[in-house]
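By letter and in written order, the chains are A, B, C and D; residue numbering begins at 1 in each of them.
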Amino acid sequence: MGQNGPLLSLKNVSKEFYGNVVLQDVNFDLHEGEILGLVGENGAGKTTLMRILFGMPVIAETGGFKGSIILDGQETHFSSPFDALDAGIGMVHQEFSLIPGFTTTENIVLNRESMRPSVLNDAFGVRMSILDRTAMKKRAENAISKLGVKLDADMLVSEMPVGHKQFTEIAREISREKSRLLVLDEPTAVLTESEAEVLLQSLRKLAKEGVAIIFISHRLQEVVEVADRIVVLRDGLAVKDVPASGVTIKDIASWMVGRSVSSDASRRDETKKYGEKILSVEGLWVDMPGETVRDVSFEVKQGEIFGIGGLAGQGKLGIPNGIMGLYAAGGSVRLHDKVIELNTPAAALKAGMAFVSEDRRGVGLLLDESLDWNIAFTAMQVHKQYLKPVLGGLFSLRDEGGMISLCKEYISLLDIKCTGPKQKAKELSGGNQQKICLAKAFALKPEVLFVSEPTRGIDVGAKKLVLDTLRKYNKEYGTTIVMVSSELEELRSICDRVAIIDEGRIAGILPPTADVAEFGILMAGIKDSSSAKKRAPAAQEAPNA
Amino acid sequence: MKAISFRNRSFVVRSILVLVYIAVIVIMLMTGKRHTILIDNKDSEDGSILAIDGMSIQIDNQEAWEYYPGDRDKAVVQGQRHKVRVEILADGKIVETAFRVPLNQDMVLLEVPKLLAGVEPYLRPFTVLQEQASAPAVDTPQSIQFGGDAVVPPDGSPDAPPAPVLVQ
Amino acid sequence: MRNLKTFIQEFGWPRIIIFLFLVSLFVLAPFVGVRLDASFSDVLNRFGQYAILVLALVPMIQSGCGLNFGLALGIVAGLLGATISLQLELRGFWGFFGAIAFATPFSVIFGYFYGKLLNKVKGEEMTIAMYVGFSFVMLMCIMWLVLPFNNPTMVWGYAGKGLRTTITVEGYWLKILNEFLAIKIGRFFVFPTGLLLFVGACAFGMWVFLRTRIGTAMTAVGSNPDFARASGVSADKMRTTSVVLSTFLGAVGIIVYQQSFGFIQLYTAPSPMVFPAVAAILIGGASVNKASMINVLVGTFLFQGLLTMTPSVINSILQTDMSEVIRIIVSNGMILYALTRKVKVSK
Amino acid sequence: MSPKKKSAATLFSEYAVVIIFLVITVAAISPSGLSLKYIIQELITRLGRNSFLVIALLLPIYSGMGLNFAMSLGAMAGQIGLIFAVDWSVAGWQGLVFALLIGLPIAVFLGWICGKVMNKAKGREMVTGYILAFFINGIYQFFVLYMMGSVIPMRNASIILSRGYGIRNTLNLESVRQSLDTIFMMKLGGFDVPVVTLIIIALLCVFIVWFKKTKLGQDMRAVGQDMAVAEAAGIPVEKTRIVAIIISTVLACAGQLIFLQNMGNLATYNAHDQTSFFAAAAILVGGASVTHASIPNVFIGVILLHAMFIVSPLAGQNLFGSAMVGEYFRQFIGYGVIALSLVLYAWKSRKAIFNSRSDLRGGAAAKGKDEGGQA
């Protein structure tokens, strides 16, 4: 194993999904016992890169990838994750893949249990052999010791603290026979500081024993502490590949987000006046799986476009979902100083708030129903519009005519490409579906419009149109818009103020023209290096322009 | 001897198991098959052999019964090989022989007088013609799933039909 | 050719096989000496008997509660209504509509608690619905013995207490709907106009309900619960309403069935009534979360047609009564086919 | 539930079914007027008769497929074997073994079909199993009522219907009656105990315990707990589930033979309808749930359920003046227990998810009121 050639090297790997390029000729090498820190914004291509390395079927299904992966000098093609596992590449995902009812040992050696042949083997096949529990325990314990942590080998995973679960999963990956490369995807996301510290210790210990590690995290100071080399991905390009020594967090942050500020941001007119305070949120917590909001307070003025950014999993999506009552939430939300009852979507809608959900196909649309249905439904349910009373108001029927005219109106207004109001929603393209969701929200004539990831997964042309529609509605009808997006450029081009969420709290609120690196720092949840303990204080609302 | 690779070792074991499986079925059939033996104490057709006046016959180790001329009785036995022990009441002579019942022959006729006289075919297959057992009229089996409207019940019979006995 | 393929894809092979099988039965009938008009009139009659029981399944399917294996609750409510109407010796239309009136409060109460229960146990609803239904039917068996009914035509001869297993509706409201404006053609063919009108009215009522605000909300909850929640619709309230509606229609359905069949069947009779209804709506083309009026009408006609034709035609061809076996295989096969279809949630 | 100490409420909800049953049975003993000796003797025979069938439910529960309501497929296979045994008049315990060996391949085949169908209906295995049981019942009826005697030559005319083909509705199993029980019927303290049957049941329990130690047993438990993780680890999930169902069907086949030899007669077309219902009711009464079951649950369940089934008709007779009330009461309890334990299980699992998220709630502000929002 001593040869000095790289254990793994990627030669101009690139990948595109349905036309938009996700990775552009990424090159980097990785030597034995080296820890490589891989950083980048969401959508920069980190996950896709790992999927290629790990041979996930989704890559082959979407047309495979260009370039080559060289392991130990020969080019390899993994058709399934099991090939990668056999080649000694282990992967630890963010969400645990452990069997709750099994003990640590059973999880570590899952499906690779050591067995003693039993009498029924010949008759009924190898799976009838008896498990050799002592050998299993021994294997588990030496994997745990390799990690250098104390884990009780017989404790049930369901009764384990979160940190132990993470170590169990890592122990499982390194307990494979020839595990040489370990990929960790956001391992410290769910750990407390002390647990993260112990994890980094064990990763260094593993590296000394010759295991190469790819460490993906958005906590930049952890990357700087543990990595030997850092690769920064931005929009599918490996923009930086530098040894870690001497690199500061500020550099990484700016490399991560450092795109030249796109031109159309500059035409924002400064003369925009805002009315008085319309929406104020105090101490909001939202229990949305994967997007937990811990304590958020902010205020939005009438006619303003308020942006909310931040990395995935930090809780920015939780805010609109919580306020609109879709997920369990607490704290106080006031519209025109009138308290909005939480946890009941009907209350938020009746008060004049509307929400375009990030989960377009899951929450936003009735895929099997026609377009007029989709657009008029919420208005019908909330404001009892588009209904015609029958038998003297005894009950009311759907006003099919009214719904069709409403739908036609929005088809022309938002230039939705479709065959007509009666077409099924599932037959439309991503961009047009998003416009239907927007039309559904506009039909409510809301005072405050929450828009979540409006441009995710749609082509560039449609993106521009959606943003223009939002601007037009804000200018002509004065609708206050709260826009949540992981596309920092988009927020900076359309919003009047941008708040960055980290760990379920507001890390800071910046004017769109603020320097990119400042955004990067807030997103990375940088604690100013001096007092590492306290979370970044909720910066006071920076004076705009 | 080259170690038989795992694959064809299990093939060998499996084929043995199949043979054993079939063998057990045959053994069960042989030992478990039930036959009925009709025991006769009648004069032979041509009158050459006369019925014995008073004897006790015991099949295998079942109870011994006394037979008088003109008697016929049956013994239900299991398996193929059986022995019969005849004791003539008059002079206490005991005759014991063993005999085999063919497998697929359900019922055989044992003519004891011929047996005692040593005339060979004392054991004859006996096929009873199955008079149509008066099976109860076929009421379509009432599966609990479709009892509903399949059968129109008689108009409100006065006494309640017993509830379907679900639990034996 | 392409749309034939999509039609087959959409309609599903088993349904086509059943349809062709039924048509062949109708074609074969005259050759085997089975009177076509008599069997057709029988099919129509049974169609009318069962249609509303099948219709009762629509609300719960639409609101995403799945196939209502607990329909027995509605049927029991209907039995209660019918027995009370007989107890008060109401006759003619008064008797029939009195039975429905008495059944309504029971069906609403049963439906309400049954709905609340189903909301608590999302997932495996169908198994739980089935066993709640069965245990409730058994509980009612005890009630039939204990409740103070004393109309002589209903109670046991000797004991004078406890209801008979089958009670005739003769003299009260037997075939009250069937005879209403009935058209007789020749000796055998009777067109039960009243019955079919009533069924038509219920089906139209359901069609209209699905067009109302609540009906639309219910359909939305069925096809995408998150969408409905996001539009301010309380999924649980809609599901409970659909269960109450389904139970009520079950009660009406059993009463319509009894007036045409001629007997009120108590004790364990309701349990086996559920599977034919479920099989019928599935044969009609309904899926586990979408059902329309066409599914109900086509399904009931196909299924009942099958049940009336197989005994007469098959028996005379094969001289054996295979109809029970065919019924079990076809209807359970249909339910199995629907259960094993991946719920095509178009993502 | 992380807190080790279980509050009274959770304890009650866990064993609700067992406690309710205990109360009802004990209350019904005195009004039933049955002597304790009779009840115990009856329990011993029923223990021998039913426990094998209930144990057949264990493996599918381990593999996360819930209660295997399709086990009556195995019962049908056993009955077909028994019909051939009676037809060839193979008597005594040899007749039983003969019937088992004939029924086994049929049970394996039907189990394979059931496994395949259940794999296509993941998430609603129980109701699919229930409907599959009726569907195969239709085919069984076609096979036994129409094919036997016409297409399949039958030797013994006394079991054929008067019309010449099809097996009669009830078969007298006199030739194999009690043949397993009476091999060694021991008189123990005034009760006669079918020792050989109980030994066979004990052997099955040993097999189940041993089986849980094998790799296949471990795979089943993994698949039962979390199918996705098992799949990712490379365990052949579909195949494992099918094997679990095949073993369950085969055990049901053997169990049905033990049941029928004790009963002494075979209701050809209805005997199998109730097998899965009673086995499911028994194991649930024993405190098992849809995802968790153990051998003690089996025996507690059989004793409790059948004790109630013995006393309730007579208790009904004496209390309400008609045995019918007792009869219906015990069926109500039978179905009721399955419904109640399914509801309790589903309600508890939703609550568990709700609780596990509760520590995420509340955030920095004061503990928010627990909202019923989307858990």
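Here is the rule we go by: a residue touches a chain if its C-beta (ideal position, glycine included) is under 8 Å from a C-beta of that chain, and two chains touch if they have at least 3 such contacts.
Computed from a predicted model, the values in this text were never measured in an experiment.
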Set A-B beside B-D; more C-beta pairs touch across B-D
Taking each chain's centre as the mean of its CA atoms, the one lying farthest from the centre of chain B is chain A
Rounded to the nearest Å, the gap between Cα centres of chain A and chain B is 77
Between chain B and chain C, the Cα-mean centres are separated in Å by 52
Per the C-alpha means, the centres of chain B and chain D lie apart by a whole-Å value of 34
CA centroids of chain C and chain D: separation to the nearest Å works out as 31
Among chain C residues, those touching two or more other chains are 141, 162, 229, 267, 275, 324, 328, 332
Multi-chain contacts in chain B, i.e. residues touching at least two other chains, fall at 141, 143-145, 160, 163
Among all residues of chain A, those touching at least two other chains are 326
Listed in rising order, the residues of chain D that touch chain A in the complex are 2, 213-216, 218-219, 221-222, 225-226, 228-230, 232-235, 357, 360-365, 368-375
Seen from chain B, its contact residues with chain A in the complex are 9-10, 12-14, 17
In the complex, the residues of chain A that touch chain C are 324, 326, 345-346, 348-350, 355, 357, 359, 361-369, 373, 377-378, 380-382, 384, 387, 395-398, 426
In their shared complex, chain A is touched by residues of chain C numbered 208, 211-213, 216-217, 219-220, 223-224, 226-227, 229-234, 290, 346-347
As the complex stands, chain B meets chain D at residues 21, 24-25, 27-29, 31-34, 78, 104, 106, 130, 132-136, 138-139, 141-145, 160, 163, 165-168
